[in-house]
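First the structure, which I've put down as structure tokens, then a few questions once you've had a look.
First chain written, first letter: the chains are A, B, C and D, and each begins at residue 1.
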Amino acid sequence: MAERTIKIDEITKIEGHANLTISIEDDKVKDVRFGVHEGSRYFESFMLNRSYKYLPDLSGRICGICTVAHEIASVLAVERALGIDPGREVHNIRKLMLYSSHLQSHVLHLFFLALPDYVNAESAIALASREPELVKKAFEIKEATNYLTALLGGRAVQPCTIVPGGHTKRITRETLNNYKKRMKELYPKLVETAELFLSLDYPAYERDCEYVALVAPNEIPLYNGEIGCTTGSYPPEEYGEHLVEEVIPYSSAKRSLFNGRDYMVGALARLNLNSGLRDEAKELAARYGYKFPSHRVAWINAAQALENVHFALKAMELVDEMSEYEPSRKEGKEDGEGVSAIEAPRGLLIHHYRIKKGKATYVNIITPTAMNTENIERTLRGYISEIADKDDAFIKMEAEKIIRAYDPCISCSVHVVNTK
Amino acid sequence: MMTNYVFKLPKNRIYEFLNSLIAEYTVYAPVEGETSRFERITDACEVQFLPNRTDRSLKSIFFPPEEEFFKWKKEKDGYVVTDSLKPSPKKLIFGVRGCDVRALDILDRYMMGEFSDPYYKERRKNTVIIGMTCDYPRSSCFCTAFGGMIPHHYDLWFTDIGAYYLVEVGSDTGMKLIDSQFQKATEQDIKRKNQRIEKVELEIEKQTKINLCETKHCSQKIKTSVEHPMWKELAEICLACGKCNFICPTCHCFDVIDTTNLDGSEGARMRRWDSCHLYEYAKTSAENFRKERHARVRYRVFDKFVFPVMRYSTYACTGCGRCTDICPAGIDIREILREMIA
Amino acid sequence: MNPYIPNTAKITEIKDETPDTKTFTIETNMQFRPGQFVELSVFGYGEAPISISGGDGNSIDLTIRAVGNVTNKIHEMQPGDVVGLRGPFGNGWPYEKAKKKNLLIVAGGIGLAPLRPVVEYVMQHRAEFEDVTLLYGARKPSLMLFKYRFDEWAKKMDLLLTVDEPEPGWTGHVGVVTTLCDKIRHVANTITLMCGPPVMMKYVSMLLIELGFPPSEMYLSLERNMKCGIGICGHCAVGGVYVCRDGPVFPLHKALRFVEKPHEVQGVLD
Amino acid sequence: MISIGIFSLSCCEGCSVQFLNLEGKLLEVLKYYNIENFRLAKELNSLPVDIAFVEGTPTTAEEVKKLLKIRRDSNVLVALGTCAATGGVPGLVNTMSKREAMKVYDSNPPYMPVDPKPIDYYVPVEHKLYGCPFSKDELMELITAVIMNKSFKNRESSVCVECALRENACLLDKGELCMGPVTRAGCRALCPSNGAPCRGCRGPYEDANYKAHIRTLMDMGITREEIIEAYSMFSYEPLKEVIAWLKEQ
């Protein structure tokens, strides 16, 4: 009996701390464990009894890559709980911020975390000496996406302008024009990026599973929409009826199932469930032979690259519709319950609060990576079964490729708790 | 003063007059935003006719919060230093109040004395001042204690007398600005102006509560109040945020900062406003001379009412009341003065 | 002339004085009075006020202790390296007042640097003065500046040296500067010039007054935080004077309050 | 070449991201620095390094060990960001009892928790870059200072100073609970300049006059509870005593 264990103690180039243990017996996979070993920061504990005003700020600190998404999900949940409608302009500003933060996150993931796997480089930093132009361009794109977020949010990481009932920063015509101008300059680079990532040679492994994302007709919704899966869609408030979580012993994250099935969220899920991709992106996909829906897991990268093109175009469209905004803050009730579901770069993000006398009494945050972990593990099991006869190094490499494709965000995933 | 040159301008002609000035000068005038301040205007309609002083003084026009002195670059054989001093255009400031004009006079003494600050001087030269009498005081105003509403130096001075502005000429430059739209003022007009000023000054004096005009004592009294318990009381509530210094039209301290690129092959030296309330202000390698907050609080007051009198025979306070308005802890400079004089 | 812009100047010679102090000879035709200082720029590191410790019209000497950014960096420099100079600034020592009178020079530690030009002046114009005493204290013998000049100096003036802690080979006096004050042979008709750490200046001046030295004839050099050097930036201001412009040398009666209560009274000198 | 590592303890990794956000400047920096260790961006990671930048704060015994190892294997240790410098947001959990906090894990957390503390609670730290996330300008200052062999110093003044230098209108005047007066400068008053009150993410500074700040806020009608909450948000650890004092009032 040939038994071997492949262990990666610290998976690099992902956000947060995770490990992977693969046990193989006679070229058959016995077990695959994707363990999260991040210390606990108890967000759901200390967010309790905090004033609703601080919930978005605190939520932002859950994750440094998707701060914008967390803050927006949080602010929406608070506003829904307290019955506040901050108004169209504020919603639009937040949408713009979501677009740029998706771009920022995708670019970071594609160039700095995923690309090295496909060009045989240790890291993007190592790549800098081999292909300085490429890395320089990657940084330029990233800089532009950060600029866009900071333009509206004060800074790119942990923006400070998102508050319940409004937006603190004055948005002038000039701000909007700047946004548009920078996005316009960025657009061709995003197209080039898409071309680069559509032409990479991704692992061919496919696995049928459930997909979950916000859905809306003719769109790839990020900010509002119903929670959709391959068989239907539901209002966000009903998430609890479909989405079930349980604690798993070897990980600080939890296992999550949707209608009883393991499911994937993220860029691929969004494209699989929505047909609203802009023509420019559709054309690119067709040119490189990509078709959605698809079960090819590593195409998450390609989906992200296509989304970049799509979001950039959508953002420019949106800017044109927007008018100037003078900061004001709307107040609401003191008590209530609210659920928000938005699309973070890595997929569906749910914040659910109950607020009493202005203070949080119930906090439930379900993050994309928490939703994905079960799916990651099953995909790994499936894929490694196919390549279990290969040597350790190859298996390791391929497993890491798959894990990185999901762009897991471990910091997020460990904060998944129901406080009843 | 050439107050016998007194004219009046119909109020509806003011825009025309201002636009003619804009054609010739870089014009600054009060503009209201988050805070009211003097800003460069390119059309007369941007001007806001405020009833009294602006939130911000003129200081940053002549002495901006941050300013580069020079750039330097390392060359083969030493360094090349390039002065960042730029020629400044002819300026005209419209709508200045008495306190701010006096503040400029005071700043001039600090910045253009024995050693002259070239950056300030460049901006300050060729500045035409068109002042205006306040309609009524702000609650923090006490200019009557330190010179009153009408300063000694100006080019033109406007006072609202109903359908007209009464216009007094204070200099040859001012005289040249008088064109055919201006009419000779009558005795009646001048009387109206005087009444107007008296009324406002009376209001200010009423709210100032003590006759600070007797301030010869104020300097002496404060000078001998080094051990006054009030300093420690103030130190309890002072946040040492420095905002009273930054807002003050006569505070002029600055820090000097060097910036470089990564390997130090080129860089720049700049200055940035500094404040004597800050912990590091008087620190040297040997010791910190005003470590305690009460010493810093006291120092500022001395540096407004005692030291300038010793050195330049002037108070470095114009009674504009800005520091009172801006202090988050609610420290009122008038209360300090009252306490000291009492 | 823009007083904020330094002139570049070349270091021509560097002499070790003590483990943390060196004397730099810098090429410049700057004319100065003993007791004046320059603002020394090390480009990229900043600027520091440094007293002129010597010079001959073609160069000046700066004796610098390494304590921070500027001073550490210049210690790494070599002859031929370029620095920036502004100045000279300050009023300088009123040593002319001592002509035909007795002169007492009291220095502690690095405080001898600004006084050295006066000592050298005395060396060249000894006849202009009556009795001259140089009283110099340092923490240890190895920390004394200008030791290589002591023999020469001793020929033309009373040289009283003391250290706080002796080291092997030291045969001179041990104790703080005040313990030597009674060795000064002249009291009346004496002009005193003093520079050193604040505590030293405080105790020495108090003792000298007790011994009968006229307070009105004592001059102290003060050190303050300085940025511009020309009396505008405000940092060195104390009691209505600018140390950079009106000082750094002040008559005792002006500096007294500061010397007595450095933290409390930043001020009221008159 | 100066070798550096960017290490991550429990946190949001926003500071790592911020490090990458140096972008064009990072390529410049790489001419002088060699990144030996950066789990977020590199496959191969090694020790020792000349300078270790540590973000986050230990929340497990494992992480404490990791921190000790990093300290042993580095010449200079930099606390990167507020979590490392003051305990930051994770420190909030110290406001409640452990038992209460662990309920969210059904009282059975995967790791035995360790109280989030500033990392200088465990090991000596040469420099601290405050901010959530830290300020890129300050990081560049530090990086330049190391190359040029200069000293690096944190500001010893408050955010208000920088706010006033930008000539903002003060948010206290609008009744907002701004932490600027007690928070260390260095962010160029980022939040107030964008219309939002300072949340105090850079932690307190040496000369802060808490009592005066609290008095000012209370005069504005802000309640003790609100002040306690604001003081706890980023700086519970360094402000523990002030908060305890405030509770007694």
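Definition applied: a contact is a pair of C-beta atoms (placed from the backbone, for glycine too) under 8 Å apart; a residue touches a chain by one contact, two chains touch by 3 or more.
In this text, all values refer to a predicted model and were calculated from it rather than measured experimentally.
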Inset, instruction - When you average C-alpha coordinates per chain, which one falls nearest the overall C-alpha average? Tell me, please. - result: D
Inset, instruction - For the pairs C-D and B-C, output the one whose chains share more C-beta pairs in contact. - result: B-C
Legend entry - Rounded Å distance, subunit C centre to subunit D centre (Cα mean): 44
Legend entry - Whole-Å gap separating subunit B and subunit D, where each centre is the average of the chain's CA atoms: 39
Legend entry - Chain centre separation (subunit A, subunit C; CA means) in Å: 66
Legend entry - Junction residues of subunit B, two or more chains touched: 260, 264
Inset, instruction - Would you pick out the residues of subunit A that each touch at least 2 other chains? - result: none
Legend entry - Of all residues in subunit D, the ones touching two or more other chains: 148
Inset, instruction - Return all touching chain pairs. - result: A-D, B-C, B-D, C-D
Legend entry - Complex interface listing, subunit B residues touching subunit C: 69-70, 72, 74, 77-79, 81, 83, 85, 110-111, 113-119, 223-224, 226, 252-256, 258, 260, 264, 267, 269, 271, 274, 276, 281-287, 289-292, 295, 299, 302-303, 306-308, 310-311
Legend entry - subunit A contact footprint on subunit D (complex, rising order): 8-18, 20-21, 23-24, 26-27, 30, 35, 38-45, 58-60, 62-63, 88-90, 92-93, 95-96, 100-106, 108-111, 113-114, 116, 132-133, 190-191, 193-196, 199, 201, 226, 229, 233
Legend entry - subunit A to subunit D touching residues, read off their complex: 10, 12-17, 37-42, 44-46, 50-51, 54, 57-58, 60-65, 67, 108, 112-113, 116, 122-126, 128, 132, 135-136, 139-140, 142-143, 146, 153-158, 160-161, 163, 168-170, 247, 251-252, 327, 411, 417, 419
Legend entry - Complex contact set, residues of subunit D against subunit C: 148-151
Legend entry - Interfacial residue positions of subunit D with respect to subunit B in the complex: 28-29, 31-32, 143-144, 147-148, 156-158, 160-161, 164-170, 172, 180-182, 206-207, 209, 211-213, 215-216, 219
